[in-house]
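Read through the structures below before going on.
Shared between the two complexes below is subunit A, which pairs with subunit B and subunit C, respectively.
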Partner chain A sequence: MRLLQRLKRGMSTQKSRPQGNSNYAYTTARVRAMKSKLLPKETYPRLINMQIDEITRFVGELEYKEDVDYLARFYEGVDLIEHALNRNLAVTFTKLISISEGELNFLISEYLKKYDIWNIKTILRGKYCGASTDEILEAVVAAGRLTYTFTSELAAKPTYEDVIASLSTSEYASILKDYDGTNLSVIENRLDKKYYQDLFTAIGDPKSKDRKLFSKFIRTDIDMKNLITLFRLKKYKVNDPETADLILDGGLRLKYKEVEKMMPLAFEDFLTELENTSYWEELSDCCGPNMDSLTDVETKLKKLRLKTAASFSHVYPLSIVPIMDYILSKENEVNNLRIIIRGKAVGLSDEEIKSQLVI
Partner chain B sequence: MGAKDIKPTRSELIELKKKIKLSQSGHKLLKMKRDGLILEFFDILSKAKDVRSELDKAYEVANKKIGLANAVDGIITVKSTAFALQNIPQIELESRNIMGVVVPKIESSSVRKSIEERGYGILGTSSYTDEAADAYEKLVENIIVAAEIETTMKKLLDDIEKTKRRVNALEFKVIPELQESMDFIRLRLEEMERENTFRLKKIKG
Partner chain C sequence: MAVETAAAVMDPAGLKAIGAGLAVGLTGIGSGLAEKDIGSAAVGAMAENEALFGKGLILTVIPETIVIFGLVVALLIS
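The block that comes next holds the complex of A and B.
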């Protein structure tokens, strides 16, 4: 069955509908074992105190050994570690898709579809600026439903029209057909919006408690995306009415109407309006009318996102919840390792690195 | 031009006088030009110092921001986002004249962009990328200003050096040599006059 699923995944770009029974027991048991291999939070302060070479050696002795060994032929130093981290992430998430069945597989695939969208965007961007196939493939992370082989074939296409033609039977075809070679940002936004819309639709109207938690997590994610989009648009004083298209529907604590109301406001008014929301408590200490940078807000929201997921990860052991928790924790581990090693390489202070870590 | 190569004639003397007058007025003008250029140079020098320190600061910030974006979003994300860049900055090169020195005037467009003009989607990117792009746009702007001012400074320096050489050549070589030639002709003419008077007296006697 799993072999059949893997074969189907490799051959088709079509969205697969949930079929058959979900194997929650099997997948969650595997995920528990995988989660036990994640780095404990005590490791990060130790890593911050290490030199780049020590960190490289340390990472090379972990779960990432195989990836480091494989990629050592092509990269070295910090680049090697970053590519190894991404390769491991792709391998791990692909494994999750291949070991899960039925509806569970559908939900995991829907969540990991962000990597497919990321890869399509990267290929279109690459074709737009005339990057070589190798350059494009360096920026690809095949952690979703589209296999690396298929993505490589797309990247090797000579023009963006050929890329779009190859995806004509995929679920992205309706958006991609509107790409005329100049409106890349519009297409990117529509693809990203589709991701969140599909995720929201995939959850549907949750009946069971575990599904409700999963729904809560996704909807919190949508809130955070809306919040950071608002912050960015306000900071850059973008008042184009068309930006209303960027609002994602389905937020938990910030309803569509509330976000829509905040859209035309000036930055100061937006902050005043934000004070009335439940997110203000988490964001109040890094927000102000004269704030130069939004990175603190973004880091705070990331931390909140992980905290939300971790808070209910142990509640329903045989559900999508621990799997989601694992996906987030794995992404977070990769991000943290990258922040430490890249931060060290560019000479960021330990304090600056620490402030960016989500532990 | 050695004094001995000169024909000691009255017309040559008149010619030399003209040349000396011209050289002296040229010397005066070039001296004024040199002083003017030096003044202009010092004016630009103070501007260049400010621009250079701003450029260094902008470079430091840009490096830090791109480092942070590489660390948080990953180099893969930054690279992919950079592929999407639209409207590459356009640079228009014009020229202006400072006391006869042609210096460049660089006009730039599409350097600073709003978040919508950068080519990448807003939903799929982060503020780390925005801030790195901001910092680099500022850096490019500073580079353009620094390029204009520093090229102007270099051209002014070259011209000051050239004018200084000309002033010195006129002051210490051309004018003294002309004076020497003039003195030589005068001396020869006077001598010829004396010889002539003596010859006439001898014939009379």
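The block that comes next holds the complex of A and C.
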């Protein structure tokens, strides 16, 4: 059967798009079992009351045991947990790629390409501000197609030119060749846009219901990203015309034109305009002209994102959506743990840490 | 004349045997198709959590009833 699939793949004109059978039943059941192992929300208040050493022990007894044990030789304290969380995230997501087959595998790896882009961006940023290899590796999550070995080799290169030269055969080469050492934000934007374009090309024209749902899922993602960008720009009164590049096209409930219309407005007018959109219902209780920080809005948006993903995943149990839901929940768990640990390390109060958590 | 020949060729016992064979064969294919996805999902869940072995096994053999019905029908015919 495998041989037949491989032969079919070899003959197909679109080599990157496997046409073999997807093992939806196996993957979704396994992913659901994996999801049941995520931390329940009652654990977080308990974690907040613990000291860093206790948290390290607690985390070391969970799913992260192997990673903590492995990395305990190199790091300690907060760094140990940070690296263990990143390693676990990478291992978990690479596992998703290795257990799926056919088209499902293709879609998951397309979605996880965001980590490749994240790593390339991290390395370029690191080189831009002269960070050491270890510092760069602290933020690397090798969950995409680029392996950890390759990424650490990239991080060890002395200059950004060497990094770009090593990536000359990759699909990002056409964008990276325009990097001249100063226009980092432009390159980052173009990489992000390429990611979404590729994802939409991968989904194609969605015909089946689960594909439509996946497309909806990605477009909601774009909505959230656009909203957060808008909130940040408006709150800090950035009115540079170049910021229009930061907006992503393809949103679901906020079309590109609507977002474009909101761009030149002041913060108060932006909020008034937002009242006409369907997101206002969810955001109204934490938005106002006198809001101090954007933490509440961002947390709210992330919660909304998780909630929509969870409800989508129940509509089509045998599709890619439950897997996307798991990816989001896992990312969220790792982020929450990181917030707690980092917050404790710098001595933030429990209340402040709690306000940052997305539970 | 033709009817007589047909009756001579199609022995009722043979037809019964064909019917019984079809009953078992087709229901076998049916339960196989049904068990395929359930089985792979059960193995997937078991890979993550071994405690699900019992539940997985029971769910996997539920479509087995289809082929048992086929077998019963086959026994009744023959």
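The rule is short, and it goes like this: the second predicted complex is superposed on the first by the 340 of 359 C-alpha atoms of A that agree within 3 Å, B and C clash if a C-alpha of one lies under 4 Å from a C-alpha of the other, contacts with A are read in each partner's own complex, and residues count from 1 in each chain.
Here is the rule we go by: a contact is a pair of C-beta atoms (placed from the backbone, for glycine too) under 8 Å apart; a residue touches a chain by one contact, two chains touch by 3 or more.
Owing to the predicted nature of the structure, the values given are computational and were not obtained by experimental measurement.
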* Thinking of the overlay built on chain A, is A:Leu348 touched by subunit B (first), by subunit C (second), by both, or by neither? -> first
* Asked: Does subunit B (first) or subunit C (second) touch A:Asp240, or do both, or does neither?
  -> first
* State whether A:Trp280 touches subunit B only (first), subunit C only (second), both chains, or neither. => neither
* Asked: Is the number of subunit A residues in contact higher for subunit B or for subunit C?
  -> B
* State whether A:Gly126 touches subunit B only (first), subunit C only (second), both chains, or neither. => first
* Which residues form the common part of the subunit A surface touched by subunit B and by subunit C? -> none
* To do: Write out the stretch or stretches of subunit B touching subunit A in their complex.
  => 63-64, 66-68, 70-72, 74-77, 79-86, 114-116, 118-124, 126-128, 130-131
* Asked: For subunit A, which residues are in contact with subunit B within the complex?
  -> 79, 82-83, 86, 117-118, 121-122, 125-126, 128-129, 131, 135-136, 138-141, 182, 184-189, 191-193, 196, 225, 228-229, 231-233, 235-238, 240, 243, 246, 248, 293-295, 297-298, 335, 338-339, 342-343, 345-348, 352-353, 356
* Structure fact -> Seen from subunit A, its contact residues with subunit C in the complex are 23, 25-30, 32-34, 36-37, 99, 318
* To do: Provide the residue numbers of subunit C that touch subunit A in the complex, in ascending order.
  => 37-38, 40-45, 47-49, 52
